[in-house]
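I'd like to ask some things about the structure below.
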Amino acid sequence: MSVGARHNGSAKACRAPSGTSCPAHTRVYRKGKLAAEGFPVEQISDLLDEPDTVVWLDLLQPTREDLGVVTEELGLHPLAVDDAVNEQQRAKLDRYDDHLFLSAYTVHIDPTTAELATGEVAAFITPRALVTVRKSEHIELDALLERWDATADKASSGIGYLLHGLLDLLVDRHFEAVQELDEQIEGLEDVLFDERPRSHELQRRSFEMRKSLVMLRRVVLPMREVVNSLMRRDSDLVDPAMAPYFQDVYDHVLRATEWTESLRDLVSTILETNLTLQGNRLNEVMRSLTSWAALLAVTTAVTGFYGQNVPYPGFGKEWGFVFSLVLLLGITGGLYLFLQKRGWL
Amino acid sequence: MSVGARHNGSAKACRAPSGTSCPAHTRVYRKGKLAAEGFPVEQISDLLDEPDTVVWLDLLQPTREDLGVVTEELGLHPLAVDDAVNEQQRAKLDRYDDHLFLSAYTVHIDPTTAELATGEVAAFITPRALVTVRKSEHIELDALLERWDATADKASSGIGYLLHGLLDLLVDRHFEAVQELDEQIEGLEDVLFDERPRSHELQRRSFEMRKSLVMLRRVVLPMREVVNSLMRRDSDLVDPAMAPYFQDVYDHVLRATEWTESLRDLVSTILETNLTLQGNRLNEVMRSLTSWAALLAVTTAVTGFYGQNVPYPGFGKEWGFVFSLVLLLGITGGLYLFLQKRGWL
Amino acid sequence: MSVGARHNGSAKACRAPSGTSCPAHTRVYRKGKLAAEGFPVEQISDLLDEPDTVVWLDLLQPTREDLGVVTEELGLHPLAVDDAVNEQQRAKLDRYDDHLFLSAYTVHIDPTTAELATGEVAAFITPRALVTVRKSEHIELDALLERWDATADKASSGIGYLLHGLLDLLVDRHFEAVQELDEQIEGLEDVLFDERPRSHELQRRSFEMRKSLVMLRRVVLPMREVVNSLMRRDSDLVDPAMAPYFQDVYDHVLRATEWTESLRDLVSTILETNLTLQGNRLNEVMRSLTSWAALLAVTTAVTGFYGQNVPYPGFGKEWGFVFSLVLLLGITGGLYLFLQKRGWL
Amino acid sequence: MSVGARHNGSAKACRAPSGTSCPAHTRVYRKGKLAAEGFPVEQISDLLDEPDTVVWLDLLQPTREDLGVVTEELGLHPLAVDDAVNEQQRAKLDRYDDHLFLSAYTVHIDPTTAELATGEVAAFITPRALVTVRKSEHIELDALLERWDATADKASSGIGYLLHGLLDLLVDRHFEAVQELDEQIEGLEDVLFDERPRSHELQRRSFEMRKSLVMLRRVVLPMREVVNSLMRRDSDLVDPAMAPYFQDVYDHVLRATEWTESLRDLVSTILETNLTLQGNRLNEVMRSLTSWAALLAVTTAVTGFYGQNVPYPGFGKEWGFVFSLVLLLGITGGLYLFLQKRGWL
Amino acid sequence: MSVGARHNGSAKACRAPSGTSCPAHTRVYRKGKLAAEGFPVEQISDLLDEPDTVVWLDLLQPTREDLGVVTEELGLHPLAVDDAVNEQQRAKLDRYDDHLFLSAYTVHIDPTTAELATGEVAAFITPRALVTVRKSEHIELDALLERWDATADKASSGIGYLLHGLLDLLVDRHFEAVQELDEQIEGLEDVLFDERPRSHELQRRSFEMRKSLVMLRRVVLPMREVVNSLMRRDSDLVDPAMAPYFQDVYDHVLRATEWTESLRDLVSTILETNLTLQGNRLNEVMRSLTSWAALLAVTTAVTGFYGQNVPYPGFGKEWGFVFSLVLLLGITGGLYLFLQKRGWL
């Protein structure tokens, strides 16, 4: 197996059924070069015995038993293993004696419904091994591999290089989600001042967006601490050459956070504007209703008057009809024109 | 009495009426092993004289006198005893010369009403004894004992082990409450966009939830400080082996806090959306009302006109009727179609 | 004059007209025992010359001249004297070279109107004297004396003991106010979902409560800093034995603050819920109005039609009447049933 | 020229046309005593050469050239001179090598419109000279002089004494503005629950107040930093004797800030209460409208029925009239009573 | 090429097609004097070899290749180059080993629509070179050059002088945008209380303004950190003589930020006031509608009554007509006057 044997299509199946029951992927870097990939999981132990190697193992939805393969070899803490197996962890970076444990989320906004889907990923980070645990298939392995291969010149930074690729991918996903929401919000604005308001759609959409923004915030905000803590305290993992790259990821996290906040503001603004626009429309409708009621009152008064069975002037006479007609048309017409002019009808 | 004598059903009654008048439970760990449980309260003093023992005593709604048994033995501060006897304390961790005093809450969300019920628990923590004071029966002893027995391998960490079990249980309860509220809020969302809005139910529910969230926040938020302060400053209680477990509890507290905040955001979003939806419905109702008023005006005008007792063209003539009918049907029909097309009726 | 000469009823009048023109109270503690009380103000100077004495002087609404008695003796700063005489100070703790100056408020919620009344108190604190200046009679002296007498065993802590009694009383008052507001808010909730809404009452009440909460916050919040600063920096005043008691006061301040914030949240929630409930009611009323308008349109159309003076089919005929009756009852009845079924009438 | 030559009425004109083209005022203190005032601006240079003098110069709306008189003598930084000449500076305290530059605002609330007027003042502060630059005549010189003369006993503190007088005046003005707004808000509350709501007035007023509060906040908030920074870092300017006085100003700033925040809360509360009161009124009006519509429907039905040209029972008969009258009065009367009882009319 | 060859009109085209394909501008300062400008880009390398020179290069929308000219010479980090080429960076100051990387925005408010347009600028800062990268033509080069030339006396401060000119320009642009928005908001206020409300315009405008304020905030807020960090940490770039000037820029940033916040408050205030004004208008319209409905009911009742085909008193009689007329005019007239007096019509 050599570097040439690249990933194609989705992902290679696990070669080591004896090792893990779940799909697994492996890579080893030797002296900053990709030396092999797709080898059986049980070889990891041997590879780590060699000097100058950095090993990557990916497991998709592993059970606790699947993780057993590396738990002992890497000295993983039972609590971290628990967190890697259970879902719904906080995005965080936990420090154990022998390793770090990272928990984070990839996100995706459905362009049609604005709903947010999240995929959880966990990672054990030791000075010479990165074990990624994908809790759903939302995290595309290919994108990660491409990112690593595209920056292969930094592979000599070892684990920092691998970790950066992973974080960069996740934060880019956050960024794309914010961007997608931003575009959808622009769409909302257009609907907002539409002549024929599509309020129901607007509400449903904006509700879904606000929900997605709340969720997104919960995922994005803790990343600030995760990346910052990596930069400040883990100088052994993040060597000087990688430092600017982690700084870059951190800038992205900050921008995603600030942008999310701005979008929250914008959606609130849209909602509040919609509320006042509704009030406007209501006032306009009420005004025309009042106008109709006034017209109705006039019509009723005139025709009702001439419908009485009492000998009013003109009762049963031609000129009575003419007079009533003149009255009816005159008063309603005058009122109509008056209301039109005031813009009430 | 041996380790084999396990708790069954609810809880064993107090064996030491002379000691306390309230239900009491006891346990002693010797060299990291559960050595005895359910022994009389007055033996505690002797057990603490032995080296390598860690003692646990639980009292349910004790009076100040009941606490007298241990007050002197453990050197408890009168203020702490006050706080343990009185209800409605803040969730907090107070430091006294000889011991710590913990005050915290277990919570429970009623799935049908979304109301929050709280149960208060206090604890005195000395280097070798944990005295838990349950101020209500909401805190189930069995759950605590199960948790301890499930992690019996950590019993050698002494008081840290016992304290972790207690905090872990409380924080899990907080978490479950947040989770329950989260599910209920999802239910609210479904109601929100219902064709036939059940607004009253929605309001009642969301009001209860917001109230529960306010209460929950008051209980959950201070736990952050409690657990954090235990980790930072009490290295004698929390030995290195237990540190990751307290960190884990702390992560849970953080997540419960963040989740609570998100839920507050979501409920606000639901409420505001409901408000604009109401506005929409009002606008729609008003529009159809205006339409009816317009139709009414037309009908009144035509039939009123032909009801006049003046010899209008067609008065008393067949063709007059036909003409009036055509007018009536024509104008109202036309108006009806026009309003239908504009979506007002 | 001896310890036995206790305060009875309200408060003893000033014995030293030459000293102060305002009501004054005095006490002296010698070696942790109450040695005398009610003695003339001018003896204070002599008493302070004795070792092991701690003196308390209370003045009710003194003028600057009244304070002259102690200003020189205790070396009070003119600015502090200003603040003690003028009203509307911030709750604060000012440090001068020779003494501390405390300014704080007692509060009271009127159970019927929910209005907040405040009473201002100032205090000069020197290592061996406490001078309390009550700016209104809201601060009941008896409650303060009872509190001191109830904890007479701590009197050996000197000024710390006196100061603790004063702060404890004030903070308890804050607490009671929060508790009273809490209960009133529970009452509001019941009104909120009443079948027959008493909206005006609800608004008036909730307005008054929000106002009281705003005021209360202004009074309670600065106490945090006051007590905290006493604990951290004044180790000479607060001896180790008193420290837990000040910590206890601080806990109370924190809880009052947090509770106040919760109540603000709750009142907001009530108000917003009320707004949406109003919206609901409006929608319901509008729907029934629209229904009436529709029924009205039908009735008008039918009877108007048959009221025309043109020979429509059935004009002046028995079967015409029957037909019109059938039409009228049929259409209005049908519409009525239809609207009933949709829940609009 | 001597101390006796006091300022009378408004302010003395500039004696030194050669020095400045704008109105100028001067004072010199020698060994803590006011030695002279109103002397020509060009003497300042000589006076500063004497030991133990402190000089004050005030310029009203000077040009850059006017400031030239002192710029060189006092070594004023060009940027500070810019800021002193240009309007709309931030309230701030800038530090230059040789001097401090203060920028602050006096404020005034118009009692009839609640509008906030601001007047800007700048000051150059060197260890022995204070140059105040008034950018508008809002800052009354007399008030400043009175304040200084009233505390002449502190004049030995030199520049600290002068600076304190200036800050104390400004902060008092802030305080008065807050107080004025507080009173106006009390007035608003009365209008709020008026039987006959004067909503338009209420809105205009509360709008103006909120605007003034926003502006006031912008002016008051930065003063905290200004005074705090003076106290913490400029021990050479603020000697120990003046420290409590600056602390006092700081307390005032804090209270003005807190009060401003409270008022913002209160105005919000008033606005929200007004919104729900409006909702109430709308509901009440709608209910009575619905009632009228129902009464209208009944009247129309009965009289319309008896107006039909078909031989209904009683057509053209006396008893028909009696029956119709009974029906009309009975049904409308009954309905009226029913609606009255439910409080809808 | 000499100092005399000044920029005229827009900007000189790039003289060095071999160097860059995009428009480029250059300047070199030698010993604090502008020595040359408009020279080919490839000379930069030579110029930097001379001592006492400071070089400025501006590139308009360069490609990565265009930047290649200086990347190597100045040792620019690939990540910084990425950020300079890609759009939509955060306003930030990144530190690399050999240089700083600045990213910032110029802004402009369209006076007719209140829309915010932004223009991005990036800059590489080394101890002796400033490379500005304009990502759009929004950043007018002429304004920058004018600013530098106007403060040519500070040119001896080298890179700090150039950098200050750039930041000062950007922050001034921010300031102008805030000022423009402030004026537009004043305009909004006038519309708000207009007799004939132009609500739609108001909403559209205020929506656009809030959006611009959200955007502006995102651009202005990070500048605080950028300038602050330059002042605190880059003492080599910002020499003591320039320090006050950077402090001045920082003051401007602070004021722009505070002002932006105030404007947000004001726009919210306007929106909320508009909402209550709408409520007022609705209430007024509803009241007049109710009044019309009441008048209608009376008219209908009277004329309907006299239109019945039953021999009511006065049926077919002169006095019946007179009576009906009196009734009609009397009741409607009376009701009209009554409603007028209550201000409902």
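Note that the chains take the letters A, B, C, D and E in the order they are written out, and that residue 1 is the start of every chain.
One rule holds in what follows: a contact is a pair of C-beta atoms (placed from the backbone, for glycine too) under 8 Å apart; a residue touches a chain by one contact, two chains touch by 3 or more.
The structure presented is a predicted model; accordingly, all values stated were derived computationally and were not measured.
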Both-way neighbours, i.e. chains that touch subunit C and touch subunit A: B
Same-residue or different-residue interface between subunit A and subunit B, half as cut-off: different
Rounded Å distance, subunit A centre to subunit E centre (Cα mean): 27
Separation of mean Cα positions, subunit D and subunit A [Å, integer]: 44
In subunit A, residues with contacts to at least two other chains: 275, 279, 282, 286, 289, 293, 296, 300, 304, 307-309, 315
Chains listed in ring sequence, where subunit D comes first and subunit E follows it: D, E, A, B, C
Subunit A partner contacts - residues on subunit B that touch it in the complex: 189, 192-193, 244-245, 247-248, 251, 254-255, 258-259, 262, 265-266, 269-270, 272-273, 275-277, 279-280, 282-283, 286-287, 289-290, 293-294, 296-297, 300-301, 304-305, 307-312, 315
Subunit E-touching residues of subunit D, taken from the complex the two chains share: 77, 79, 83, 89-90, 92, 94, 96, 199-200, 203-204, 206-207, 210-211, 214-215, 217-218, 221-222, 271, 274-275, 278-279, 281-282, 285-286, 288-289, 292-293, 295-296, 299-300, 302-304, 306-309, 314-318, 320-321, 323-325, 328, 332
